[in-house]
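The same subunit A turns up in both complexes below, where it pairs with subunit B and then with subunit C.
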Partner chain A sequence: MQVLLSGLQIGSIYALMALGFYVIISATGILNFAQGEWMMVAGVLGLTLLGFGLPYPVAVLGSIAGATALALLSELAIIGPLQRRNASPAITLLALFGIMIVARYGTGILYGRLEEPLPPPAGSHVFLLGNNVFVFAQSILIYVSTAVIFIGTDAFMRHTWLGRSLRVAAIDPLAASLVGVDLGKVRLAAFGLGGLIAATTAWLYAPLYAVGYMTGAIPGIKGFIALFIGGLASPLGPLVGGLLLGLLEVSASRYLPSIYSEGIAFALLMLVLFVRPDGLIASARPH
Partner chain B sequence: MASPAGLVPTRARDMLWVAPAAFVILAALPFWGNDYHVTIAVNLCVTLILTLSLNLVVGYSGQFQLSHVAFFGVGAYTSAILAKDFGLSPWLCMLGSIAVSACLAALIGAPVTRLKGLYLAVATLAFSLFVEVVVNQASSLTGGGYGIQQVPAAYLGSLKLSGKSFYAVGLVMLALTFFVLRNILHSKFGRQIIATRDHPGAAEASGINPALIRLMVLVIAAGLAAVAGWVHTFYHLTLNSNLLNPEWTFVWFFMVLVGGIGDTLGVVIGTLLLSLVPEFLGFATGQTIFGIGVLMILVTLFAPRGLGGLIDDLLRQTGLRHAN
Partner chain C sequence: MRRLLCAISAVFTMGVLTAASVSAQTNNPILIGVHLDQAKQASYYSLLQKDAIDLFVKEFNAGGGVLGRQVQVLYEDDENNPVTTVTKVDKLASENVSYIVSIGSSATGLATQTRAGELKIPDGAPANLAESLSSDPPKPYYFRIPLRGKYELAAVAQYLHKKFGSPKLAVVRDSTQTGLVISDQWINDLKKAGFDIVTVEQITPGSTEATGQALRVKDSKADVVIVCGASIPDLANYIKAHKQFGNPAPLIGNSVFTSGGFLKLAGSAAEGLVYPDAVDPSRPEIQAIEAKFAKAYGDRLKNQAVALQAYEYMRLVMDAIKRAGSDDRQKIRDAMEATTNWPIAIGPPGTKLTYSPSNHDLFTSADQVVLREVVNGEFGPALKWR
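Coming up: the complex of A and B.
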């Protein structure tokens, strides 16, 4: 039971990171390496703002807004111009990697290499659920927020004009631009939404551990691995991929030597890529 | 999804004069340099072997592989373990390293080379992460995070190969790499590689098996990366898992790109620039990586065909070279 709870907890984080990747890749075909860094930036900004003595809600909103603004800026200044020029995927991937490095090591230079825990938004209460099973208030916040963010994103994609343009662009960019969808705006919106999701995740993930300039690396990697495990067909892909990866990792670390639990993400990804290249939740739409 | 192919025209002939010229300059170094310079030069040999072999994969073969660092690191670790724990001679260690890395490449390549574009990049990146994790965890063999120290030095007869004398060995390995790559690119196999990159369908119609060609390219490049790992191990005689950081592949890939993908002269220039400039400016590691990140963004934005492409454009604009 405890394994299930902590698996779901880290799985929710992976799922949220995967959702950020998903929103961008489905609308634009771009795997945004910098997603993990926007999460890290939000965490570090949050710490800094709290350090200035600002009230908690202001620090939360300010840090999320700041990191999202950086995500938008990266699209406006770098990715947008590259896409307009039809740069090859390799060039785009390298530019994204450059953005990731600049964000990560730039934070390291500006902020230093300290790692501090972010004060948890839900306080540090612990609830006992019967014998030897307990759950932190922060964990409950993680479960609830993950559900809310996934439902919210899905609703946004289904019911708003902008969200629908994102979905249309994902299905057929050429046809989308023919019916009047501005692909540039779609790309900007996708990067903004992805950044917003990643930045929000910081306030869920960082209180569990500590936040410093390297914090974005692992959740970023696990996020895109989870996405490719789950598949790119619908938001169910990142959700299933993230939760499955979290559950498997936690149970493996409980029952197997640590070498297996660390390698499991890769093993699962390889298996899925070779057996079902479209991911576990494949689209019903024929290719 | 388009491959990085076709960014730059292939100019295999550039190799003919670059190789001797670079070699003479590098060979003269021990006569005026101190130990620090020799270390930089050996590291440069290692990096050049890596970028040249990576160029075979991403440039000539057009595969966006992100696992080069894994083959380099595995080669380095294999040599260190064979020399230290099994007492093998350094030359046998090299064969061992090449064999292990090449087998690993064949094993992972068989399924991976069928993937395309982003999937190939994701799978190979995940593979290099996996190798890093495994090496860190298998501490009884690899020393985990501490790595391996005090690898026995290499001897040639009774001559201990260290410092400047080992630098000569590094240079020979670099020259061999040039030689191997040159011969591959000038052979039937080389033309098959380029045909497979530019038009897999047409290549297949003329009796080439594209998957097999891609796999062979990957295996050869992995073998060369293992040689680089061997040079690293027997020069430094110590190593740790920083060697396996997947970020290295991106840095090498960037060196290839700065010079111009698929252009040997460009790759050499790009590698020299990005290896030596931070060294002479005396940057710390974090600052160097930050600087490389900034450069990555600037180059992809303003000179996506690399320095070679930039110079080409300038020559064309001034009318010194006709557009082809």
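Coming up: the complex of A and C.
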């Protein structure tokens, strides 16, 4: 039971990171290398705002707004202009890699290298559910927030004009532009939404780990792996990929010598790519 | 007569120029080169040491400097890359530094040791832990004061035998590259010391929890759990899980826990953790330096052994320059090697540093290692266990 709760906890984080990747890649075809950095920036901003003595809700909202604004800025200042000049995918990837490096090490220089805890939004309460079974208030917040964010994103994609534009642009960009979809606005919206999801995830993840300039690196990689395990067919792909990855990691560390759990993510990714190259959800819901 | 006047004028001019040159040289600051990791993986430790060095130099210059000259530090970013470090050592050499201090990672420290040795520049590190930096006989231009891995381990092994007899051990480590290197050495040396290691568990970097590892360690019924590695957030997560699952086995860590950040991350779960350290906080000398740090930087350098070591290392280098009576590299090297019974704040009370042609290390036995315990949410005093 504890393995299940812990697996769902870290799996939810992976799923949310994967969702941020999904929103951007499905609408624009761009793999946003900097996704983990928006999460890191939100955490560092939050800690900084709290350090200035601002009320907790203001720090939360301010940090999420700040990191989302940076995501939008990176699209407006770098990715958008490159796309308008028909830059190759390799150049765009390189630019995003550059944004990631600047965000990561720039934060390190400005903020310092100390890794500090972020006070948890849900407090530090622990609920005992039985012998050796407990759940943190922060974990409950993670489960609930993950459900809300996934349902909200799915509803946004299905029931709003902008969301539908994102989906149409994902299926056929040329046809989308012919029917009046502004691909530039779609790209901007995708980056904004991806940044917003990553920034929100910071307040779920960092209180259980730490905030520092490297905080976004591992969740970013794991989110990327989760996305390709689950597949790009719908938001269900990142959710399934993230939860499966989290559950397998924690199960492996419980039932196998934990030195083997290290490679679980990559082994699973290779297995899925071999058996279902489009991800686990792809065949159930064709693109 | 005209020729004589010309000759006198020439001699006078040369004399004035020579005097001006000598005066300019003696008024120039003494240059110390420091390479550090400005923004990458080792930057956390680098920047703490840089703060300590900056404070020391500021105080030292305010007190008149050395040999009637001020001291100036030239910093170079080694980018945590040994290849880059070599180019930075060459650059510092061309700028005529008298000494090079390594405050980056052990890997870059090793690169400096080799290159500076080739260039015959005295150098050393206040806090690089890697055992490979020490050799027998020592590298002629390299001088160290950090805690050494093998003595840290030997002290922990002695403590385990004394306190628990022959306990069954579990080892928990993080799987960062440095964490694996450190913990592999611990595992090998603990086995050599005769301990039975019943399980080795590792934490994936970035994990929010360590449920599986904590339950496996509890199942192993280890008497003592060794927590060693390099990634404090990951090890802190294990320590929290260890306490949450009610495992009564005591925790013993490596010197990575000397960082002040650990106490914030682990919270009350850190209570009771025993770990080796290079400094004994009860020493008045340490308290005096800590007070200076607090005045200059607030809490930033609190409980940071690496900063204390950097401060003391600079004090040692300045003393060697004073004893050398010159900023000449060879004379400073010789003065460093001639250091005898020099009171230093690192190590247990009464520690005195003696270098010799066959030893360029401060730590030469496990008896010099300080063991401390987390008590009431703070890094506690040195344990009296020997």
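Just so we're on the same page, the second predicted complex is superposed on the first by the 282 of 287 C-alpha atoms of A that agree within 3 Å, B and C clash if a C-alpha of one lies under 4 Å from a C-alpha of the other, contacts with A are read in each partner's own complex, and residues count from 1 in each chain.
Methods note: contacts are C-beta pairs under 8 Å (C-beta built on N, C-alpha and C of every residue); 3 or more make two chains touch, one makes a residue touch a chain.
Remember, predicted model here, so these are calculated numbers, not experimental data.
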item: Which of subunit B and subunit C A:Q2 touches, first, second, both or neither; value: second
item: Which superposed partner A:E262 touches (first subunit B, second subunit C, both, neither); value: both
item: Partner chain in contact with A:P277 - subunit B first, subunit C second, else both or neither; value: first
item: Which of subunit B and subunit C A:I109 touches, first, second, both or neither; value: both
item: Which of subunit B and subunit C A:L73 touches, first, second, both or neither; value: neither
item: Touching partner for A:L129 - first (subunit B), second (subunit C), both, neither; value: neither
item: Partner chain(s) touched by A:L93 [first = subunit B, second = subunit C, both, neither]; value: first
item: Doubly contacted residues of subunit A, that is, touched by subunit B and again by subunit C; value: 105, 108-109, 258-259, 262
item: Sites on subunit C touched by subunit A in the complex; value: 38-41, 43-44, 47, 175, 199-213, 215-216, 232-233, 236-237, 244-246, 261, 264-265, 267
item: In the complex, subunit A residues that touch subunit B; value: 29, 31, 78, 81-82, 85, 87-95, 97-102, 105-106, 108-109, 221, 224-225, 228, 258-259, 262-263, 265-267, 269-270, 273-274, 277
item: Subunit C-touching residues of subunit A, taken from the complex the two chains share; value: 2-3, 6, 9-10, 13, 105, 108-109, 112-117, 126, 132, 134, 205, 208-210, 212, 214, 217-219, 222, 249-255, 257-259, 261-262
item: Subunit B residues touching subunit A - in the complex, by the definition given at the top; value: 1-4, 7, 58, 64, 111, 115, 117-119, 121-123, 126-127, 129-130, 133-134, 136-138, 247, 250, 253-254, 257, 261, 286-287, 289-290, 292-297, 300-301, 304
